[in-house]
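Worksheet for the structure shown next.
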Amino acid sequence: MEKRIGVYVCECGPNISEALDIDRVVEAVSGMDGVVVADRYKLLCAGAGQQHLVDQIKEHDLTHLVVAACSPKEHESTFMSVCEKAGINPYMFQMANIREQVAWVTPDKEQATERAIRHVRAAVGRVIRHTPLATREIECNPDVLVIGGGIAGLSSAALLAGPERKVYLVEKEPALGGAVKGYEKLFPGMRSGSELVQRYQAQVEANDNITVLTGTTVKSILGFLGNFEIAVENGQGEGQEFMVGAVVAALGMKEDTESLGEYGYGEIDDVYTALEVEAMNLEGRLALKNGDAPKSVGIIHCVGREHSEYCSSVCCMAGMKIGRYLKDKLGDVKVTGFYRDLCVPGCDAEQFYRETRDAGMEFVRVGRVEVHDSGNGIVLKCGTAEGAVKEEKVDMVVLLPSVQAAEDVGALAEMLSLPLGPHGFMIEEHEKLAPVNTSMEGVYLAGGVTGPGTAEQTLSQSEAAAGRILAGLVPGRKLETEARVSEIRADLCAGCRTCLTVCCYGAIDYDPMKGICVVNEVLCRGCGNCASACPSGAASHRHFTSNQIYREMAEILK
Amino acid sequence: MTAASSAEDNVLVIGAGMAGIEASLTLAEAGAKVYLVEREPLFGGKTIKYEEVFANMECSTCMAAPKQQEVLQNDRIELMTLSEVREVKGEAGDFTVGVHRKARYVDAEACIGCNACFDPCPVSLPNEFEENLGERKAIYLPCPGALPNVPSIDTERCVRFTENKECTLCQEACMFEAIDFNQKDEDVELKVSGIIVATGSDLIDSSQLKELGYSGEGNVYTALELERLYASNGPTEGTIQLRDGRTPSSAAIVHCAGRKDTGYCSAVCCMYSLKFVHYLKDKLPDTTVHEFYTDMCIPGKKYQEFHDRMKDKVNLVRYDELSVSPNGGSVGISYKSGAGTNEKLDVDMLILAPAMVPSRGAEELAGMLGIEQGGRGFFGSSTGSPAESGKGGIYVAGCAQGPKDIGQSVAQAGAAVGRFLSAASRGFSGE
Amino acid sequence: MGEEFKPRIVAFLCNWCSYAGADVAGGSKLEMPPTLTPIKVMCSSRVDPVMVTLAFLRGADGVLIAGCHPGDCHYDKGNYYARRRFAVLKTIFETLDLEPERLRLSWVSASEGQRYAEVVREFSAKIAELGPNPRRRQPAGIKES
Amino acid sequence: MKKGYALQAPDGVRKAVAGFLKTCLDKDVFDAVLVCVRSGSACSYVLVQEPSFLDTADCLPPVMPVQGGKAVMSFTRHGKGMRIGALLRPCEIRAAVELSKLQQTVPENISFISMDCEGVIPLSDWLSDPEAAGAADGSGVRELCSICEQFSFCEDDPVGKADLHIATMGVAKDRALLVPVSARGDEILQKLDLTPGEETTGWVEEVEKLRKKRREAREESFAELRKRVCGLDALSEVFGRCLECHACRTACPICYCRVCFAGSEPAGDAAVDYVRRAERLGGSCCLPEQLLFHLGRMSHMSLSCVSCGMCEDVCPVDIPVGSIFSMVGQATQGLFDYVPGRSAEADLPLKKFVLDELEDVED
């Protein structure tokens, strides 16, 4: 088909018209290949300007449109809609930025004119190589797999499930509830942890659209957003397979055991971890090994922080909560928290700290604490921040170990081909902008799997994961792909998989039958990295093909 | 109701910072029509004031601007700047909201963003967006790159409005007849089925903190002031200098400014104060930097590493009490150290990390919406999930609920949307 | 060489940071030499070394690649790959003495209008100093010796 | 220090090696062996399954008719297949390792047997008189071979390299040492009941000595080359001879693309563009594609270049293309401390990155 390009230069009032000689620009592109009309107009982005373009496209039977005006950030979408309105594919359009990048930065009119000519010629050179692009629609399954039956998984499942959306809730333990179920209370409000879990659990169990699979592990996850194939297996080795559209990884956390030995744990009696004390408390047995009630308890913060190299954020508050258990239940007990920096972020935490102090728990800032068995009770040797060493005799020691990702996080990451972060947690797609997404679309994170966090933060994440899915995977609606994505030419691909390695979004798969790589348009974000990684030119980036870029460049260098 | 019918839902999002933006985009993706109400003439919240964000030192504008563009280009989102919610009636699934929309006096359709109207304006005043470190006119864009890229007329300063003068200088300068003095404030009534409150937070007024010597003059600065001094689109184009133009040879950052008054830890100040070490050392490698902190609160898997990277570039001092007094051209700091000794230090520049407080008008808004306000004045119920407001159909996101970082704010925006969409699909039963 | 040397620089700018930075420079009306014409790509990782080589061989006096600062990439890690590819290309140019100073990689964020202008000024001055691309001088066969 | 098994070679090393490979086939160590077989002036890689064929084969001709890495690729591209013992020069094995990283071969079932390489003579010399060019004593070898440092395998880092090495340097003329380099090499000798008991000190010393000499020669040679080819004018002149036959890329073991970018890139210009460009560029170089092809190929493969010299061997117009690529490869590989073919585990540099690196390439 004949290529008929129209070039329109916007005066943008005095902004462009006074800074450069528009007539010369018009003249300079008039003779170019394919250009059937070139003209100026006072303000193309205004309603009248847009209508003018529509009329011109129809009048001159244009196939391609170039607008030389402001930055595409301002009006690219405006002119693309103009194209659509006039009946040509919106990608048959190119914008030349002669305002922000020419008129406003080039005071000499002669220079600005020459420069604008280059910009506009480049746009014309490029647009002639444009091809019509379209988005594609892909069927998707709205169902969801939630991995982990703790508070994160329960709350996600409860929000997600409905008559048109099934949820599979997979928990490797025989019962739902996760860690929080074992907490009598939650800081800072001291509301009941188990009650909170029960509430969610009741919602989940009452919902017919949720299939709860306890004692079950996920064996494989294949596919992509809208189309994941899941295989699970229960303790008896019975497998089950099903399809879902999205996955919420709500695996929990665990205590870091690596450094416990340095604090006499396992060697000295009555040295416990926080989780052990939670359990003892729940059983109503806050007592020493010999059954006596402790008279003095030392709670040691930041256990293993040197090893984990991060602040586990919840331990200070967890320590206070344990202090409260002891004070509330035993009354006559001296409880001392040995901390380094008190980490009580947020509007309620410090209040909780003050209440705990008022309840009688003492706090001592220390450097390092050593736990010794004196033969007659436990002696804590505390190096103060100033270097002095103080000794303190206690009956019981509670260690607040670093929080780590649960063991199975690594296996899950491997199953999804997602990288693990430096501390064994999974990595968010973007720390700020996409805190519950992963670089694999359709896989979301909540709770301990992303890092240590409070019950409140965990709920926030699990509900956000649900929100992302509710918004993105609407039952009955298809997924729309991006138009400007990459593609791989089967006849040129040698199957070296370089593109697959450099793709940050897992959007390229290797087809072993054909020995070539294939782009998954649902996942491709259109950065073009694969196109320049591919030595043979098999991978190309739609709307940014080598040829298009080359033509643009060739005009600049003419 | 089915999930698909949420496409028929209209939702009001109050506040267009990062949480409000995230909520709006996610709701629009779900198919809802979103009214995003923002009282300022620009949107993007506090985030767009920062040059970089911790802990990756990522460029803040680069992060926010594409999201803002998405909002502006999304047909399902109606961004209403210079607008405030005045009245809310009804219940989950059926709210009627009165929004007062102030006139911009610049026609957004006609304006092409050339800024030619600023120069002729006879009124110059300190620019609040620049924390008063720069100037603006009565017709202005708060900063280069501000979105929407349409100026507005400050009716509290424009002589047409304050002195009833027949000044038309900006109108004459505009080739596009975009300036329209006939625009009127409007009251708009919106029908929505849900509301997301993302009104953010403010910093405590540092001039109230008597012992810390802040007056808006001199060499004591707030965190936001330093942000703007370091910002490449700020009043000094990123040059960190004192008000008199000198380069500080020493600087101190004081954490927990106002914490005693608020009674809580604002969660992000330790991290952004460490970020300031990077700011200062990046631009002024010869400047000595002291950091006065009480407890180093750097929760989360990533922050310690950042702390460790910064700590060798700064003199970290733990303090119990601290007071500041001007000392000639410098700032005198008297403090009781963590070890209990009394010490003194003089620096050229002092930067406060002031406490986060509920944003201006929070109480009024809570009353209007009928939602809970905790003891500290932030929104939210203490019994459910943090995104719950205590009232069905209304959800809370971001720092409106309490101090948090951008990532947590964005997560919570997602949670608010999740709760809304889930409730909407159930016809708000049980809300 | 009667005519004054007007350098021609091809600049590959990533859509999210550097192109936006160039727009901010424009919005702030920062004056820049008229030497540079941008080619917008979505990410600096789209810049193919062969394309840069071609620009050079087609007579570009300079080629600038500008992208998001490390850690800021809109596509997570694209700029790190871009950096490696550029380093290889530059090393080839260095080894073969092809005036590697004509190739430049700079990180410019979306708010760094000022920095963008500086990069353009600096690079233009550098290119002016180097003179025209040797491709634009007389061909090898007829140079005086 | 590794020990070797002394292979007696009264009739010369070639015969002895052929005998050894025959034993391997007899004892079912391999299903087939890949050897270079000479027949008159014809010389090619052959996959041999019939042991008796090796009696007559001369399996170590001093010429490289096809890069062995490419030969390996040809039969393992689609899967691991049969157990093969491949007798190859070190540069050929390194090419095979690179190809495996580029997913073009699956060398899992291949046992690589390398030998000390004296270098090969230029293909043209061989074709003009194969008989005269017979001796494997290092005389008359290609320039690139004479400056090759990677001619043996005796450093203590055997990952991804040969499994078994035939040492001849510093070893008496009538014998060769079979040195197992990998666990698989140990296995092969065990299966054959050969115990490596010989000291290899003499060999290692000789290799080190020669390597040092070569390193100096290499630097000298590159310095000389630089004078001849560096700078755009000189380079244009050198590559100006290029016929664009692209034989260099066809012969290159690393260039695995089905169609080269230079062929697949539809960037042909209209005549008017050539003329306009010629005007602008002062009348020169209608076809910068010559240089583009070579520079482009450098950015694609110089990181994996094993300096085998095939490209130079096949160039019909005597462009020192192998030396130039080797020099460039040395520089680009140096950026990432990458040695092509050294280890199958080391990622290709362009497939990965490090967060904090290369700070000096950005301004």
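Should a chain be cited, it is by its letter among A, B, C and D, assigned in written order, with residues numbered from 1 in that chain.
Here is the rule we use: contacts are C-beta pairs under 8 Å (C-beta built on N, C-alpha and C of every residue); 3 or more make two chains touch, one makes a residue touch a chain.
This structure is a prediction, so every number in the text was calculated from the model and none was measured.
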Comparing A-B with B-C, the busier interface by C-beta pairs is A-B
Rounded to the nearest Å, the gap separating the Cα centres of chain B and chain D is 62
Taking each chain's mean CA coordinate, chain B and chain C are separated, in whole Å, by 36
CA centroids of chain A and chain B: separation to the nearest Å works out as 23
Cα centroid separation, chain A vs chain D, in Å, comes to 45
Where chain D touches two or more other chains at once, the residues are 261, 265, 267, 277, 280, 300, 350
Listed in rising order, chain A residues that touch 2 or more other chains are 73, 502, 533, 546, 550, 554, 557
Residues of chain B that touch two or more other chains sit at 56, 58, 63, 113, 149
Every touching pair of chains is listed here as A-B, A-C, A-D, B-C, C-D
Note: in the complex, chain A contacts chain C through residues 71-73, 97, 99-102, 104-108, 111-112, 114-115, 118-119, 122, 429-430, 439, 484, 502, 504-505, 525-529, 531-533, 541, 544, 546, 549-550, 552-554, 556-557
Per the touch rule above, chain A residues touching chain B in the complex are 12-15, 43, 45-47, 70, 73-74, 77, 155, 158-160, 162-165, 189, 191, 305, 309-314, 341-351, 354, 365, 385-386, 421-423, 425, 428, 431-436, 450-453, 456-457, 459-468, 470-472, 474-477
Counting only contacts in the complex, chain A reaches chain D at residues 491-498, 501-502, 515, 533, 535-538, 546-547, 550, 554, 557-558
Counting only contacts in the complex, chain C reaches chain D at residues 49-50, 53-54, 57-59, 70-71, 77, 80-81, 83-92, 94-99, 104-107, 119, 122-123, 134-141, 143
Note: in the complex, chain C contacts chain B through residues 16-17, 20, 24, 27-28, 68-69, 71-72, 74, 109-115
